[in-house]
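Next, two complexes with chain A in common: one pairs it with chain B, the other with chain C.
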Partner chain A sequence: MSDFGASSVEISDVTRTFGSQRVLGSISLSIRASSFHCLLGPSGCGKTTLLRIMAGLDTPDTGVVTIGGTDHSRTAAHRRPTNLVFQSGALFPHLTVADNVAFGLKTDRRTPQGEARSRVAEILDLVAMGEYADRRPATLSGGQRQRVAIARALVRRPDVLLLDEPLSALDLALQLRMRRELRRWQQETGTTFVCVTHNQSEAMELADEIAVMNAGVVEQSGSARDLYEQPASRFVASFIGENNIFEKLTPMDEGHTADGLVFPAGRADSLAVRPEAIRLVPADHPASRGPGRVLTTSFTGKSVRVSLRTSTGREVLAELAPGATTAQAGDTVGIDFDDAAVRRFGAAA
Partner chain B sequence: MRRSPALEALRFVFLLLVTIFVLAPLVVVLLASITPDEVLTSLVPKGFTTQWISQALDYEPFRVGIVYSAQVAALATVIALLLGTPAAYALARTRVPGAGLLRSVFVAPLSLPRVVAGFCFFALYVSLLPSAYGTVGGVAFAHVLLLLPFVVALVGAGLAGSDPALEEAARDLGASPLQAFFKVTLPQIRMPLLIAGVFSFLTSFDEVDLSIFLMPADTTTLPVAIFLRLQQDQDPTTSAVSSLMIVASLVIALLTGLAVRRAGLWRTGRTEGTGE
Partner chain C sequence: MTGPTEPGNTVKRRRNPAALLVLPGVVYLVIAFVAVVALLISYSVRVERTSVLFAPVDLTTWSTALGDSYLWSTVGTTLRLGLIVSLITVVIAYPLAWCVQTMKRGWAAAAMLFVVFSPILVSVVVRSYGWQLLLRTGGPFGDTFDSWLYHEPGVILALVHVELPFAVFPILSSIRTIPAEYTEAAADLGASAAQRFRKVLLPLTAPGLLSALQLVFTLTISAFATPALLGGGRVTVLAQTIYQNIQLLAWPLAAVQAVILLVLTLIVLSLFAAVTRLIGGGVR
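What follows is the complex of A and B.
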């Protein structure tokens, strides 16, 4: 598996407008060679358009796409060192699995037939589809079809493999299994993988680096840990993992109140506190930042999740170690968290 | 829900009548062409003869007509497919300005009376293209006008039913736009193409109204030859040649049906499952 390619991708100031709708508003993004990079965002955020621009299936209005140091902004799709795995798989229904995979080797005519055959066999083995080589796509399950689609793109040994929501059509158990496999295939081939997804847990599990997109811009790009611990915007804070977000801050002598809780001083439009940073203390405890009435508690195995309502009616989620609380629904407790656990967005940024 | 026996009987009678209505003329012609009598007097054949069929095949205008019709139909079909397929493709897959208008233009010949169309072509050929009058090319060209709406509609429906992502996938895998069309798009629409081709061939082969304006009486397509002969003579020779056309059409329709069913195999049985 040593002949697989890997290139970095550099996207500078790419914009794209469909009619009067601005889909991408000046995107700049660096993707390291041999990394697994996810473009994560809600539907309609422009992530698929950005992926299609990298593939050459769509053309940016302005901006430059550099792959492996070469400007490919105006290169036609069939001449790019990239291959795309379509959301639907887009397998050719009239060809067998082996012919589907061989398709991209026949088009460039540079691969001798014998070598093409062995490469098809090798890649089908990698995705565990070797025994289905003579089947038609219509006879395969959704997961099998997606494996073939990935093999068909990988067999060309692209410098960059682009994946458009490759797992979204599969059921959850299969998704979880294929995440690990995708990760393994990326590591075994060393190819740069760029994967579009709207599923944050998928992105966190797969990616070395995640670019969080919203409304046509990249809000933040970084490792899953960076995004989780240091979200750069309110959107990232709410999109990556669970978060309690507080708005409508009222300044006090020392600090702010928001939704009936006291926060440390500092300029901000909104504040976020992760559920796992929240502690429950007795209601009259001096550390309490405000009272909360317990709405529900549930045990998930690793934690106890407690849903609380503050004095202003705002719902707050706390995730505690099992045994860390004996609070029952209906109890009133004090809500506490460290100053350092509070993330600020807006005015202070 | 249970149907009453009376309703069942009514349904049976109705279907029987429709079947008789459709098949009766065909049966009469088939019987007339193998019965020794000059004029068919009974639905029970009084013998069997191939006399009329061999007479029909010996009759010079019919022999010329079969070849002439086949040439016209083949040429018209090829031209209609070559023009209609790219037109349907452009309408289905690209953003052509005025696509709606173009669609109407392609369907317009359907609403033009064929006799009028025939006269228009006659006027065109006589005034500007005298050399096209009475030639295979001239007649075929006129037929293309009739066939294009069917080709554009059938191929267009085929394209609408095939996934545009397949073509993008082909290009992504290194196929030029032309390669992508021939290797991926064309195989998706081969059934609509086959059906459009067969339909075009049969329509052109059978055409009288328009063709009759475009050829001299001594060298005509088969249907026109039948029409002209019937004006002079009503013997079973005409029935015989008609029978040949009926049988040939049925055979072609049957073969097409079989081809469509076979090709359907890799489409049906599609599992839309998401698990493994």
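What follows is the complex of A and C.
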């Protein structure tokens, strides 16, 4: 599809305080034009505030928001080249689907009526809601309402489409389907999509790039693969995918230990090993880094998940190929992994 | 097989015990409204007050009353006052309600609500004499408003004052049902402040506006004390002529006028109900 806008977004040193609470502490972030960028983080991390600052619905205390090379830090929401999809959809209850979508074209009066009508029809077709044009929002399902909300924002052909947890109100099956559709709409329009979510699998499936936020700062920004394989902090390691986190690396006579397992020497406050990097060996095997008692085993189809407890009581999750182990609950086995699989965080000085 | 186990049956048989709570209210309304209206209608078809309950029907009072131009001018004054007062009141109440809603401090909003509701805390007689003191020559405003006292503007001023709370309340409750997201979404979609008001807020608060209009109009056309005290005999509304006729022992004529007032009220109420359905029908 032609005529859709796409701009980069540059956020520099943006801070925001509500009362005495610092919601955003100096955020800097680059979002490439035509990319799908997710802001991922737990609730209360400031991701929605950052999105609302991009939309112009909130004003940063300090810092600059540049959209497509133009400083928009102080531009009112209704004059920005962005459009926002609200978590609830926020469809106007007194207007039909078609009138909701046409709302943003009538406000600027620059779009001739005939063109507005064809653009509304085109965008409703894109989100597969064409046959519902004359319905009221109250008669639509949650998924249909969200499609209309996205169409209403996209029809204005914004340079940047902002989405605030657009799928979180939907049931899981619908979420999975709409993830693929969101990705497709982004590719077909070529518009820059910035999507806030607390769901890491959603972010990994949707985004070209993910900014992981925690407590008002961006912990790490990168592709899903970067974040999974090279997490820059303990928070990112535990938030993206599953991870076994070990604390307190202590030097001993033979190597260093943490939580009853032997690690290669070095300094770290915490260490992370992915479940799929863990191997189970006989308890007396020389490669064993320490004993683990099997608590449960479960078969998921693609893998066998074994949960173990180390001698210090730390729970460890191992994800093995089906048939890679015969361990049963109650057995004691040896826990093994490659040195290269260990990620270290916060090396103490 | 039908029996107590069938869900449809048991549901029908079990009465909602809460329904009993409605009984006192229903009995009270039936006595106060239905009985009085029946009595009114029966009086209106007599020529004089009589203790005979089933006297023969006589339409003389009706034909005299309907042919009386004074009655029609009174009806005109009543309707005009109703229309003017309800429009002014709602126009003032609407921004007031928004103001209360958007006040960030709880105590300020509470103080504002107290000010709005203060007129109904003061007795109608005290309030009316208060207005007389304010408007009369030599009052605090000199003779600026002298011409208003004992004329329609004075009556309108006092009626708007006392009926303001009845307009603020329904408007405020309709405003409270609108999530802030609607206004934000409108702004995000390019609507200026004026467009946000016209295209989103006004249509969504229209049901509250209409019920405010309806309430104030009904209260105004049946108002008695305020027009009597501030109209100084020059502004005569239907309620006053009814009172005067009862004083003159012309009960059948008073009854005819009361029935006319009731019919006017019902017509206006059903007009408003029709408009509300037309506007609000699609919202829910």
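General observations
The rule we apply is simple: the second predicted complex is superposed on the first by the 344 of 349 C-alpha atoms of A that agree within 3 Å, B and C clash if a C-alpha of one lies under 4 Å from a C-alpha of the other, contacts with A are read in each partner's own complex, and residues count from 1 in each chain.
The rule is simple: contacts are C-beta pairs under 8 Å (C-beta built on N, C-alpha and C of every residue); 3 or more make two chains touch, one makes a residue touch a chain.
Fair warning: this is a prediction, and the values are worked out from it, not measured in the lab.
Overlaying the two complexes via chain A brings chain B and chain C into a clash.
Residue contacts after overlaying the shared chain place A:Asp108 against chain B and chain C alike. Touch criterion met: A:Thr139 reaches chain B, while chain C stays clear of it. Once the two complexes are laid over each other on the shared chain, residue contacts for A:His94 go to chain B and to chain C alike. For chain A, the partner with contacts to more residues, out of chain B and chain C, is B. Contacts of A:Phe86 after superposition on the shared chain: both chain B and chain C are touched.
In the superposed model, A:Leu170 makes contact with chain B only, not with chain C.
Comparing the two interfaces of chain A, the one with chain B and the one with chain C have residues 55-57, 76-79, 82-84, 86, 88, 90, 92-94, 103-104, 107-108, 136, 138, 152-153, 156 in common. Every residue of chain B that touches chain A in the complex is listed here, in rising order: 163, 165-166, 168-176, 179-180, 183-184, 187-188, 266-276. The residues of chain C lying in touch with chain A in their complex are 179, 181-182, 184-192, 195, 199-200, 203-204, 282-284. Chain A makes touch with chain B in their complex at residues 55-57, 76-79, 82-84, 86, 88, 90-94, 103-104, 107-108, 136, 138-144, 152-153, 156, 169-171, 173-174.
Against chain C, in their complex, chain A makes its touches with residues 55-57, 76-79, 82-84, 86, 88, 90, 92-94, 103-104, 107-108, 136, 138, 152-153, 156.
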